[in-house]
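One structure, pasted below without further comment.
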């Protein structure tokens, strides 16, 4: 399932940030993820593609333990973050979610000012003691999200008055404020227009040097444009995982080829 | 029959129904105004002299009762709603709780009175007092507050909570900072409706607090007190020869009080809808 | 499994067919050019030269179609390799057709001159290139990488003919200085057939790429 080309990659260039070992996931009786093993490499963008309902979002939500909030869930296998299991009883879920942040499909900024949105994270974690430190963080995060110039005069305006693309970038900036190391993006562009989408893609390419990014997307061209490595999922299984360029020019599995050429359903 | 015709007929029928529904309110108000307005005077409203001629003690009594009941019911109700909506999982226990709330709303108010008498007046030895009456009323309006609060909490989209969790917020932090502030208008509306109910109930306060004639105003919550609904009942049935204008005047004051509270609740709700941010 | 992108699949098939068409047209040109040379037929030579225009037109059409498919259909994997492969194969076919024009021109020049010796190996060499081209077109339609590799090996035979004929022509020139004019033109013809063989080899390497995704190694023929 993991291609030879990925296995033969120079280990210094590719440090595994998140390792998933034989993960099985059940929603009640539904076997949503089947024996998934995959390495997510540091400072790379990994795309997870596949048809609807094949388990990609479930996998993403398992990594930051958002699935804890759903009842009737059974997990076996392991997910290691920086070598430590995220299911370890010693692990503080709050700390884990600070380090592994998530951006959702539909932008969901809080119904408050732009400033308060970005400041939310630092405030609840008591990260700063003075207002000026929070001000600096807000500015830095908005700059990192490519939004500063557009909203610097609108910090006191409600975040909900911004356009969809801007709202999504607010969500990203909000996430950056808690200083994560991994960004999980669950179809971040599906509710955005093409230009807004491209801006988010540019943003991801810029963020890659400081963060590890995993993106779930339905848009194959986006996965091809943006990611370094791509994993193809089908019915809860990882069919193929390879360097993006290889997967899209010379996939090794027929199912992968059928899906990405869009010829067969 | 031509659809346009049947539409016209349907509209007419519905309009007539609408008028029939609304008419009683106006009829009541009109009646009370005609017969009660003559009684309204400063002495009537603020005097503490005679039994039927001045209702100030009754007004104060009603206010005290309402205060005690909302100070009890609102915190309890909100907490209950938060538990049910944010923490409880869908198991038998939760379903029993919800069933109980529905049933609580259906209990006849005179039964509440008896319950209040049994628990607060006798068992807990509070005696007939503002405390007993207020607590009884609190239980009466609890279902209203819980239901309205739960609905308000539910209108806060799940996506806000998810976003907060994904940032590493605990459930309590999320509720405190995101859910409650955005549910407040709905909770407020429910609370005000609860208050207006508490103000207007007679039966619960029958056994637990009400006195007919107390010349002085209450000193502590353990005092008995007059209340508008009970006062109206007594002067209409037990006291002979009460001038009609006083009866209608008392009723008018009570109705105005309750209506104002309801209208306030509606205005708050409308304001909220206008500035609804999501 | 049902096929979803039927229109696209059809367009791909049409693209393949157009390569087949231009390929067969080129086969006819090679055979015609040889005939013009051997039978000293200047009229035929003129026809061949004119016919190349049609090949150029067709080649342009194919190129435009490739561009269109790339822009509009976002092809991936096998489709992408096919379209990019066709682009290059198209170029190779167009170039080898140009060589037939060169041969035809030489045929016209040589026709009025006195023939020095009957043509023996040259027609065999030409026939071999025709065989290679026809086989490669079949291999293309079936995306048969194994067959393509076999055809690449056949290029060795072309090279053998090339050496043999070249040596023979040199010895003729050494014996009879007046034949230099004739022989020079003939050498150009031989070189053209050899280049046609190279282009067919390129085509076969492309077929291997389309099928397997493996790009051809650097051209050792440069050092030959």
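Going in written order, the chains are labelled A, B and C, and every chain counts its residues from 1.
Keep in mind that, in the parts below, a contact is a pair of C-beta atoms (placed from the backbone, for glycine too) under 8 Å apart; a residue touches a chain by one contact, two chains touch by 3 or more.
These figures come from a predicted structure and were not determined experimentally.
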Arrangement of touching chains [line / ring / star / complete / other]: line
Most widely separated chain from subunit C, with each centre as the mean of CA atoms: B
Whole-Å gap separating subunit B and subunit C, where each centre is the average of the chain's CA atoms: 95
Length of the line joining the C-alpha centres of subunit A and subunit C, rounded to whole Å: 51
Chain centre separation in whole Å, for subunit B relative to subunit A (CA means): 49
Overlap residues in subunit A, where contacts from two or more other chains coincide: none
Residues within subunit C bordering two or more other chains: none
Subunit B residues counted as touching two or more neighbouring chains: none
Subunit B residues touching subunit A - in the complex, by the definition given at the top: 89-90, 157, 159-160, 162-170, 173, 177-178, 182, 277-278
Parts of subunit C lying in touch with subunit A, wherever the complex brings them together: 1-5, 8-9, 74-81, 212-213
Touch list for subunit A against partner subunit B, complex: 64, 66, 69, 71, 94-98, 101-102, 104, 106, 108-111, 120-121, 124-125, 158, 160, 171, 174-175, 178
Subunit A to subunit C touching residues, read off their complex: 220-221, 224, 248-251, 256-258, 260-265
